[in-house]
Structure formats: C-alpha cells, structure tokens
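After the structure tokens below, expect a handful of questions from me.
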Amino acid sequence: MRNSKSTSNLRHDGLILLGLAIFLAILGVTLSNQFHRSIVVLSMIHAIAAIGLTLLMGYAGQVSIGQGAFMGVGAYAAAFAMQQLSLPVPVALIGAILLPGLLGYVIGRPILRLSGHNLALGTLALGAVFFVVASQWRSVTGGIDPGIVNLPNLGFWGQSHETVVYWLSAVVLLVAAIVAAALVDGRFGRGLEVLRTSEVVAACMGVDTVRAKSMVFAIAAAFAGASGALLALYLRSFNANTFGVSLSIELLMMVIIGSLSTIWGAIFGAFAIIILPNLLESFDHAKLLVYGLTMVAVMMFAPRGLGETLLRFVRSRSSS
Amino acid sequence: MEVFIQILITGIVVGCIYGMAALGFTIVYNATKLINFANGEFLMLGGVVLTGAVTIAGLPTGVAVPVAVAVSAAIGWVMQRVILENARHSDHLTLVMLTIGVALALRGAAALVFGRDISFVPEFGFIPLVLVGNVYIPSQGIWIMLTLAVLSLALWYLFSRTLFGKAMRAASQEPRAAALCGIEPKKAAVIAMIMAAAIGGLAGTLMAPISAASYENGIFLGLKGFAAAVVGGLGNPLGAILGGLLIGVIESVTAGYVASGFKDAIGFIILILVLILRPQGLAGRAVISRV
Amino acid sequence: MISVPVLSLSGLTKRFGGIQAVSGVSFDLAPGAITAVIGPNGAGKTTLINLITGVLSLNDGAIRLEGADITNEPVHRRAVAGVARTYQTPQMAAGMSVLRNVMAGAYRFGRYGLLSTLLRPWTIITENEEMAERAAHALRRVSVPEEWWHQPASDLPYGLQRRVEIARALAQDPKVILLDEPAAGLNPSETADLARLLTDIAADGRAVLLVEHDMPMVMSISSHVVVINFGRKLAEGTPAQILTNPEVIAAYLGSDEEEAA
C-alpha cells in the first residue's frame, strides 16, 4: 500500500492503546493491595487531565498553569449534579465534561489572545481566582471546611467502591486516549502543530487560528473536567485545597516528565508523579524541592520532555 | 470616613509591598525580557529567613534583616549565574517553566529548612505608631512606607541620573549601546536579578511582622507583584509602584466593604483583565513615548 | 490580458506609521500565467504578499478573487477560498515530518469537523488516507524523493525545504499561488528545475505570483511583469517591454546591477 507509512502513526497509537488496555486490565484483576490499587487509580485519573494539557501545551504550544482549576470545575459540577440535582452518575460525569469544556471555550477565546509568558501569567491567575472562589462560594462548594462530603459509595453487586472507580477510570482514560490520538493524528492536530511554529503559516493554509486555539483550550478543559469528576467520585469528599495552584503545577510536571510531543508521555508522567511520592516514604518533606529541581533540570537539558529524550537516547544507542 | 481612611492606609501599606515585588519583576524584565515566576519567592525567602534568624538563631532584628536580604540576593545571583544564564537561548515556554521550577525548588527548600509552620516575628519597633483622631498608622506600616520611599528615590537616581542605571534599563532593548557603556547584557542580567532578589527579600522581611511568614507565601505575593507590574505597564518602575499601591488599595476596599475572602481574587482578576484589554498597562502611552 | 483575472488588486495601500510601504498598487493576475513582481529590496514586495493573504490589513484598496470581494476576509478564509503562499525563508513546522507538513497543507479538504473527530475518532483513518494521497501527489510533483518523506522537515537541505514548501502550497490546490523569492539560495540547476516547475504549475490554470530577484528566470518564464519601487508601481508589461523601459532601467536595473545579474 502506497500510504502505509502515513497511517503508521495510527497503527503505532493503536498498539500502544491495546498494550495500555491490557496492562490496566491485568493490574485491575491482580492488584489486591488497597494502597497500590489507589495509586493506580489516582495515576489514571490524573493522566486524563495531563493528556488534555499535552494537547494544549505540547501540540498547540500554549502554556497553561490553570489546568487544575478545570479539574476543580469538573469535580464541583459532578458533586453538584449528584447531591443537589440528584442526577445519576453517568449524567453527572457528562455534565462535568461539558461544563468545563464550555467554560474553557468562553475563557479561552479572550485569554488565548495572550501568548508566551503573558499566557502563563494569565492562566496562573485564573487558577488562583478559581481557588479563591472555590474556597469562598460556600453554598456550592462548602468552602474549605467542610467542602464537599458524603458523595455516594459506588459499590454495587458486591464490588467495592474502589473497584468500580478503578474500572470506570480505566475506561474513561482509554476513551480519552483514543480521542486525543485521533485529534493529534488528524488534521486538527496537524493544524495545531503548524500553529505552534507559526500562526501565520497555519492561517495561510486555512486554519482559523483563534478558533483552533480556543477549541484546544476547551478540549483540554473538558479532559480536566472528566479527570476532576472522577477524582471527586473516588475521594467522595474534597475541598478547594484539592484543586489549588499546586495541582496545576503537578499536571505541568506530568507533561514534562513524559513528553511534549506525544500524548502517551502524559500517562507515563502521571504514573511517575503519583507513584514516586507514595513509594518513597520520606519523600513528602522534600517533594517540592525535588519537583523544582527536576523541572529545572528537565527544562535545561530535555525541554521536549524527559521520557521522550530518554527514549530517543536509548533508540540512538541501540541503532548504532 | 474614618473607617475608609483606615482601610485606605491598610491598602497603601500592603500596596507598598506589592510595589516592591513589582519593582523586582520590572527590573529583571527590563534587563532580560524575562518574566521571573520565582520573583514572589524572594519575598517568601525574606520572611522565612528573617523569622528563622530571629526565632532560631536569636539574632536581633537589626542584624537579621540584612542577613535575610543578603541570603535572598545570594540566591538570586546563583539562580541567574547557574540556571538562567545557561538557558538564555531557550524559547518562552522553556524559560517560563525554568523559573517555575526554581520557584518550586525555593519553596521546597524553605519548607525543609524552616519547616512548614507559619511563624511570627516582632515588629521592627523604634518608630512609634501615629494616631490622628481615631485613625492610626501602625509602626510597621510607617517602616514599610518609608522604605519604599527611600528605595524609589534611590532607584530613580540610579536609573535616570547615572550612566550605569540608564545602560541597565536599556540592556534588553539596546544591548550594544549598553555594552558601549560598559554593561554587558550578561552582567546587566546578573545585577538586575540580584537587585530584584534583594528588594524582594527586603519586602519579605518588612511584611513578616504583619502577616505571618510561610514557605507558601510566594505564589500569591508573586502574582500580586506581577499584577502590579502589568497594571503599571510592564517595564515601567514608577508604574510598578503605582500599580502596587492601586492593587493594595482595591484589595483593602474589597475586603472592607465587599467580602474579605474575595480580596485575593480581585488582584488576579485585574491582572487577567489588564493583560487582555490593556496589555500596555493602564498608563501605557507613557511607556511607549519613553522608548 | 484577454482572460478574466483570477485575482484583481486595486489601489492597495499600506502605511507603517508614517511610511508608505505600499501605495496605490493595482494589477491583475491571469489564470494559467506567471506574473512576476520585481523591485529592489525594501520595495514592498513581501508586504504585497502579506496584504493579499490578509496577514497585514490594508489601509486602502480592494482585493477581488474571481470577482468576489475578499478585502475584509480573515486570513484563513482567503486560504480556503484558494490563496496559497510560500515564504522567503522556508517555514517548516518544527518536529513534523515532510509528509505531515504537506498533509497539513491539505487542511481545507478535511471532510469531518472537530465534533465528528471527538465523537467518531475513526473517521480520521479514511480522511488521513485521502490527505496523504494529496500530499504524496504534491510531493512527487515537486520531485521530493520518497526517502525524505518521513524525515523531520526542518532537517532537509535548504533547496528541498523550498520544494516541500511549494508542495505544501500545492496541497491546498489553490487558484492563486504567491511565491516569495523561491529561487533564493538555489544553485543554477535547482533554479532551472524550479523554472520548469513553476511553468508546469501555471499550466494547471493557476495564477502564479512570483516575487523574485533572479532576473533571467523572471524574464524567461513570466508572461507579465510588475515593477515596484518605493511601494509604487513603476511599470507593468511583458518581459520585453519591461527590459526596454527606460524608467525601469534607471530606477532598478541600472542602479542595482549586481542583483539583477
């Protein structure tokens, strides 16, 4: 077939996806240790938001330090839908994807007029505003104390809450990965990549750059919303501190630990950032310091992402 | 009316701190075109180092303050020489992430060294509080306002009366002209960062007695400083100070008349709006005509 | 010109501050023909391309594409309507392969919207095959050897990058193609290849606008030449008319011989 290579990206993505599905299924069946299971669940949940951020940062080249806020919007939307509107879980989940997506589009249009460090500042401020609102708008969020409490136990047919959330998160992660892979492998992704290098070039080939940027911001927000809603479902109680500025920075860390060039890096990064602090007991004290130094080192020596640079290094070693 | 004046004074005092944060940010921006996301951490450092020096090492305030400023300045120097100098050809995104990384590392280091508890230090003292009718100006507030006044005069003299200062201000726009005045861009960048770190550290020590010092203070202080600098027109030192005062007063009024909980959000909302609607700052034209 | 113009420029004017970068320039582009725009550096040639594509907005004047007024259309709509361009220095998207770069050029031929990709991700499989077909066609046409197709485009030799850029513009299947100094930095044999390629592209029935310094090439392949100096149209005509126009010789060819050579 003449174009076999043009579709190789898709095939390659399909294989990784299959591998991921099998890996998550095996873990889901074999992991009996509650603690290990919870680490995997948290990793999967954060990976969804990190994939969204990769689309925005890695592909479109638009930095956001406010991704955690959209996770928060998703979490509160899900909680509100279930507790105050008594909607069933699937409906709440869909609402928690649509609302941040819509909000992302509305905010994205003006805020993406900014670029570079101004965009970083603007989104950081956005995240900070969200935190203040979440901690003060007590009628909806419950503030810092008590926050949201007593979300339903999702266990049914003898399956525990943790097990149900595990499989739900795995499915949402896989769907998110499929959608993201299709977006970046398709013409939308190509348009974004051209846009990252030059908005003029993208516009001159027919890309509506303003719309494309707002759309990718909205999509990233929707991914974050799904992630935040799952986190809310899993934790069953949370408050504004769960979605502070540090969450946005952890999501950034996940992306740069993985890769800025492929969505799979975000999954790797999410697992790394969630697992490491939990494995190293004394790590908690030094967590911020280690994060900071890691970020500095990665940006100095591997600015397209640590995972990606290591992978390239290994490949070039093995081929020579 | 008295209540309003009291609120105004509180706002001005806090605004002076924001103004100093904004100054550091502006000086670095003028020298290197870099937006330093770690700038707020200098204020955090000033606060926690002062607290540590007073409560742990038992130093008197008069010694502890210079120590804290020196530590902050030294960290600024290291940051510039070791990290930013080696990455100055990187793109925007990388530089932004680098300074965020430095901010995280400083926050983490402060938490490790000084612990995670918030802590208080006594006021600087010496200056008595001023009472006019029922309106009072606290002693520490007077320290803060006086410091900013002296600092502004010193910086004004440096930047507009000395060749060195003028060259530094122009270093990012006219690197060759600056080099002719004996200021290599690299050197200007280091000096700017040290100045920003020292000013930030000083602001941090000044505010430690009125609001508790904590390793977590840097993010919000940094953002308020950015907001002040952007409102005043990026790169304009006078604008940075005025921007700081404006944001301090608006916050204080919001806290006094609307809801204290939302006061932090106001500064950030102003930042976002100004970035989008008037990226040249509220006094933007003055900046353009100056170039 | 007997045929109806594809692109018609009338009174294009652009000021930067107080400087008239382009003032009152009018001419037409005929289908199936190469129209060259020549003039000294800084005459406003690239500005002209930026005005036609909409990257810069006009202070005055009007642009019509096949009779339709596109003066106030945004950049991407003009591209969709059939205007494509290349750049003075090749603008390859960083990290993208040659094929993917050219596929990006076929952006406007996507059949499915974003929502469809979100809800039915598999639709991109067939769409990608179609676009790869278009890209492959364009790449063969500009003779970029297949072994380069999957290399990062920014790693290619300069001459090949120029051709990839033309392929990317061709993948847009444009009615008008604007080329900003495509021969710059090419050796004589590459320039000869380019001349053949441009003639071939015009033979499709496309209107080709060629901004170029290489006079022998311009004079041999263009059917119409527009001379611009200080943002104004100095002369317009067939290559033979231009070469004998005393004003042109004085203002451009005479004063700038080394460039004309």
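Lettered A, B and C in written order, each chain numbered from 1.
Everything that follows uses one rule, which is that contacts are C-beta pairs under 8 Å (C-beta built on N, C-alpha and C of every residue); 3 or more make two chains touch, one makes a residue touch a chain.
Predicted model, so just to flag it, every value in this text is computed and none were measured.
> Using the contact definition from the top, classify how the chains connect: line, ring, star, complete or other.
Graph shape here is a line: each chain touches the next, no loop.
> Of the chains present, which has its C-alpha mean closest to the combined C-alpha mean?
A
> Would you mind pulling out the distance in Å between where the CA atoms of chain A average out and where those of chain C do?
Chain centres of chain A and chain C, defined by C-alpha means, are spaced 40 Å apart.
> Just the number, please: Cα centre separation of chain A and chain B in whole Å.
Roughly 33 Å, centre to centre.
> I'd like the Å distance between the centres of chain B and chain C, where a centre is the mean of that chain's Cα atoms.
Centres of chain B and chain C (C-alpha means) sit 50 Å apart.
> List, in ascending order, every residue of chain B touching at least 2 other chains.
Chain B, residues with two or more chain partners: not present.
> Which bits of chain A are touching chain B when the two form their complex?
Residues 57, 61, 63, 65, 110-111, 113-118, 120-122, 124-126, 128-129, 132-133, 135-136, 245, 249, 252, 256, 285-296, 298-300, 303.
> Would you tell me which residues of chain B are touching chain A in their complex?
Those in contact with chain A are residues 35, 37, 83, 86-87, 90-98, 100-109, 111-112, 219-220, 223, 226-227, 230, 259, 261-262, 264-265, 268-269, 271-272, 275-276, 279.
> For chain A, which residues count as touching chain C in their complex?
2-3, 5-7, 10, 178-179, 181-183, 185-188, 190-191, 193-194, 196-198, 200-201, 203-209, 215, 219, 261, 304
> Sort out for me which residues of chain C touch chain A in the complex.
Residue list for chain C touching chain A: 53-55, 74-76, 79-80, 83-85, 87, 91-96, 99-101, 103-108, 110, 114, 117-118, 121-122, 124-125, 127-129, 131-133, 135-136, 149-150, 168, 172.
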